[in-house]
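Please go over the structures that come below.
Here come two complexes built around chain A, the first alongside chain B, the second alongside chain C.
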Partner chain A sequence: MFRYFIRRLLQLIPVFFISTFLIFLVIRIIPGDPIQAQFGERRIPDNLREAYVERYHFNEPLWKQYFLYMKDIFQFDLGDSIANQRPINEIFRESLPRTATLATMSVFFIALFSIPLGIFSARKKDTFADNSFLVITLIMLSIPPFVLGLLAQLFVGVKWGILPVSGVEDGLKSYILPSLVIATSLMAVDARLMRTTLLDTFREDYLRTARAKGLTERRVFTVHALRNALIPVVTVLAIDLGALLGGTIVTESVFNIPGIGFRITRAVVQRDTTMITGVSIFLVMAYLFINLIVDMIYAWLDPRIRYD
Partner chain B sequence: MAVPLLVVEDLSVEFHTDEGIVKAVSNMSWELAAGETMAILGESGSGKSVSVQAVMGLLPMPPAVIAGGSIRYGDTELIGSEPSVLRNIRGPEIAMIFQDPLSALNPVYRVGWQIAEMFRMHEGASRSEARTRSIDLMQRVGIPNPEIRFRQYPHEFSGGMRQRAMIAMALALNPKVLIADEPTTALDVTVQAQIMDLLGQIQADTNMGLILITHDLGVVASVADRVIVMYAGRTVETGDAESFYRRPAHPYSKGLMRSVPRITGPLERLHSIDGTPPSVVDLPAGCAFATRCPEVHDRCTERPALIQIGDRTRTAACHLVGEPVGEAV
Partner chain C sequence: MTEPKTVDLEAVAAIDPARRTFWGDAWRILRRRWLFWVSLFLIVTFVGMAIVPGLYVWPSPGPDDPSGLYCFLADARQGPSSEHWFGTDVQGCDYYAQVTYGARVSLVVALFATMITVVVGIVLGSLAGYYGGALDSVISRTADGFFALPYLVGAIIVLSALTTQEGREIWHVTVAIGFLGWPSVVRLYRSTVLQVKGLEYVQAAKALGAGDGRIIFRHILPNAIAPTLVYSTISMGGIISVEATLSFLGIGLPIDSISWGNMISEAGTRIQQSPHLLFFPSAYLIFASLGFVLMGEQLREAFDPRFR
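Right, the complex of A and B next:
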């Protein structure tokens, strides 16, 4: 297991450098002047422009800019935001916990509903209940999140007054409604996955063996079938978490939650190139990290992976 | 014959599919006594596996339906009995091993754990007791270093070792009947003989009844006391192995026998039976083998019953067996 971990960790190194360099390159070659963008139509005094150029190393060749940037990254410094004149780390410290709360709560809801629903549907295969499940999940998948978000705000928040409509002033309670909105479509996907993998598992020879051993149906199902069927579902839940940590632009905007997604939107509007680079590279790191975790969970759940 | 352990009478199994009703097993009857080895011989789709899975209650229902007959273990009727009754027979009384031991073992649990599960679930044994007894069993079925093997996963075992592990699991509770469904088909030729030897040796030690499902005539010849030949879900011939081999009665059995290469005698082209088995969705009303039979004649449009031939233990489902049987093949 440890050797597997080390091998996966080493594989991340080239992925990290290639992806960060590509991000760096793409953001720098986008036409337009990021310094001018901060001043709108106004003329920038020469000394001020020089100060900007100096501070963000815009006068250096691209490879050197990347090198300097990487030097900072390895000291866990993402640089400063051009638009806000604040360290990006500081902005992250504010917004990341919000996005992380939202992501964790969403994945909690996804797991809470999708696993039992998928199991129920698989066990009732081809019945009215199962067919209804398939139709309902299809509907859940096809509603755009902003529509669902606005409807949830209108009914749950405004008309019934059960949960806060927007913002983050009410602590954890503020996150329930947006989390449910985010969870809705992913829940449908994961519940269907749970159903499919369970139905596949039901056909496995080892379940016939388990029955031939004279085990109770309950044990055949929970110990022998479910454990195997959960492997892909748990993996997908972890991938969901990774994706959601990158912020959900639409839901964070609808519910006015100043998280990572919200920051991305702002940075793009303001042409805040350093912020965009910082957020993107953070997302790459978060994604690589989550992927490593997913691989570890996977290896832990399925012993065949560990020794390939 | 001694008092039979397991009696199957007039068993019919159907699969209700979208294409129609598949008559997988029709009117099958047999008995198995302690210490006896009975081989059920037939090609793929002949119903040999389905018939024993019906005994174990392992058929997925639906689509499978037991259309008729009875399966008795001792005084217990297995068809339609309570799940709790069946659970106390599967494992402790009748055990089963399967064709492909890799897919038959659960990939995410250690092999030892899967063997120990028998003791823990059926006898409420403690973890350590179950472990000790499992390691003993693994030793007995010829798994080297059982303490180390106990902690390994199925994918770390070789094919032969996996089948030994399956046998250990099956033997855990000293069953009186062991059903082996093509136990050597998925294994290397050299390992096949080892597994058959092991089964033979265990049977000699425990005096259990052994049902061997196979399409390998060689395997049957070396171990079986009695043979049942199945074709398209129907029993076409039964008898003691020795006289069956000396003088197969049914044209299908004769064809099978001639398709086996021989070491002695002149070198000839291998014989094959022309045609393919009929679809079991719409079986012909008469003899199922008629379309491929070299000895087909007018009466074959009637379904032949099993007719006793020669000595009392032999039967064949062919209109011709009443008449003088041709030369021995």
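Right, the complex of A and C next:
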């Protein structure tokens, strides 16, 4: 298990550097002076400009800038936001818990809806209910989350007044509607995965064995079929959680939740290039980290993987 | 004991063996499925709308209204009526005409972005799959590096790099979406190339002295393209909503271009007073996207021997 962990970790290293260098490169070729962008037409005080140049090594060659930046990253320093004139770490301390709450609650709703729906559809395979399930999931996949968000705001929030529609003033309650919107657009994939893996499991020999032993149909289904079919679904739920850290951008904008996604759209408008770099690199790290954990869980559940 | 199924010998004889091709089989499966016809209808409707919007909107624009959009400021923001089926927008333009003309930009972006991803993906996927070795490692690790970045964050970064003082143009958005999409095609196409590469007929072509280029494009491509075709059809649908999402976030198409994304994003600010402004472009967007996703699903099942 440990050897497998080390091997996966080593595989992540080139991916991490390629991804971060890509971000770094693309953002550095953004036209215009990143410092001047914060001051519009006004003149920048010389000492301020010097401080930024020194902080970000703008006068060094590009490869050296990247090297020095990585050195900071490995000391858990994501740099400063030029527009806000604050360390990005500090901004993260406020925004990250909000995005994490939103992501966790969304994954909870996804699991709550997609697992029963997938089971239902698998048990009714090829019936009218199953076919409608296919069409409905495809429609849900085709609705862009921001359209769903706007509609949810209009009906649930404004017309019926059930849930708060904007901001985070109402505590956990204000996250319910945005999480439901995210869950609705993502659960289609998970529900269909639940359906296919369950159908695959139904064909396994060990199910026939269980039936032959004389177990009740109920026990065969819950203990033998469902438990095994849940493994890939749980994996995908974990991957959803990782993807959602960077994937709640749209929903955060619609519902005015000042999380990570909200910050990065704001940073684009303000042309705050250091902030864009910092947030993106953080998201890459989070994604790779969660994927590593998912791989480990998977290898633990299914020993065949780690001896591959 | 079950009766052996009787074989209709006449029907078998009627099938010309030379005509039983892979594509012929797929077509025979497709034409029996009603969902295929539904998706074909949706695609033809929207592609027609993009090419000849004049077929859907009449009477044709007169000389006094060269925009062809029937705008009269006095009629601003009316609800749907028999005169204006979808109501009018803020500038008093007939919304049905607006929404119809919006199809062109959305479909053009989706088509060209998909073409970029497919061409780049197939070229790099062929190189990685066919030659393997160091070239494969470089291409595959770069693709992994792209994957580690959340899609929207990637789009945000690329679009901020492409935006100049003059603002964005349609091709910027197309290139950005294409630039981020190719890694999935590379992964998919590379794995099919690996499967096809070892088959006897490829070995035979090699033994006959065919060059690498001929083997890659004449022998491998026709037999490895099906999964990529399925994927790109589904992704056409996805790109239609991604483009709208980018426009909603304010980093998409230029504001003066008539597109569903711009209409929805503008409607979002007036959602309470004029919900019809949100409803109609969203519905068109969802159905256009659904058409491609549904078609992709049908193609997948028709191409996959397991479903036959």
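FYI, the second predicted complex is superposed on the first by the 297 of 308 C-alpha atoms of A that agree within 3 Å, B and C clash if a C-alpha of one lies under 4 Å from a C-alpha of the other, contacts with A are read in each partner's own complex, and residues count from 1 in each chain.
The rule is short, and it goes like this: a contact is a pair of C-beta atoms (placed from the backbone, for glycine too) under 8 Å apart; a residue touches a chain by one contact, two chains touch by 3 or more.
These numbers were taken from a predicted model, which means no experiment stands behind them.
Undergrad: Please indicate which partner A:Phe146 is in contact with in the superposed arrangement: first for chain B, second for chain C, both, or neither.
TA: Second partner only.
Undergrad: Looking at A:Arg227, would you say it contacts chain B, chain C, both, or neither? Reply first, second, both or neither.
TA: Touch status of A:Arg227: first partner only.
Undergrad: Could you say whether A:Leu22 touches chain B, chain C, both of them, or neither, answering first, second, both or neither?
TA: Once the two structures are laid over each other on A, A:Leu22 reaches chain C alone.
Undergrad: In the superposed arrangement, does A:Ser253 touch chain B (first), chain C (second), both or neither?
TA: So A:Ser253 only meets chain C here.
Undergrad: In the overlay, work out which of chain B or chain C sits against more residues of chain A.
TA: Tallying touched residues of chain A, the top partner is C.
Undergrad: With both complexes superposed on chain A, which partner does A:Val268 reach: first (chain B), second (chain C), both or neither?
TA: Second partner only.
Undergrad: Tell me the contact category for A:Ala122 with respect to chain B and chain C: first, second, both or neither.
TA: It touches nothing on chain B or chain C.
Undergrad: If we overlay the two complexes on their shared chain A, which of chain B and chain C does A:Val284 touch? Say first, second, both or neither.
TA: Only chain C; A:Val284 stays clear of chain B.
Undergrad: Where on chain A do chain B and chain C both make contact?
TA: Common to the two interfaces on chain A: nothing.
Undergrad: If we count contacts the way the header does, which residues on chain A are in touch with chain B in the complex?
TA: Answer in residue numbers: 204-206, 208-217, 219, 224, 227-228, 231, 301-304, 307.
Undergrad: Give every residue of chain B touching chain A within the complex, in rising order.
TA: Going through chain B, the ones touching chain A are 56-58, 83, 86-92, 95-96, 98, 100, 103-108, 117-118, 121-122, 153, 155-156, 166, 169.
Undergrad: Which residues of chain C touch chain A in their complex?
TA: Contacts found on chain C: 35, 141-142, 144-146, 148-153, 156-161, 163-165, 237, 241-242, 244-245, 248-251, 264, 267-268, 271-272, 275, 278, 282, 285-287, 289-290, 293-294, 297.
Undergrad: Provide the residue numbers of chain A that touch chain C in the complex, in ascending order.
TA: Going through chain A, the ones touching chain C are 14-19, 22-23, 26-27, 29-32, 134-135, 138-139, 141-147, 150-151, 153-154, 158, 243, 245-247, 249-250, 253-254, 264-265, 268-269, 271, 273, 276, 279-280, 283-284, 287-288.
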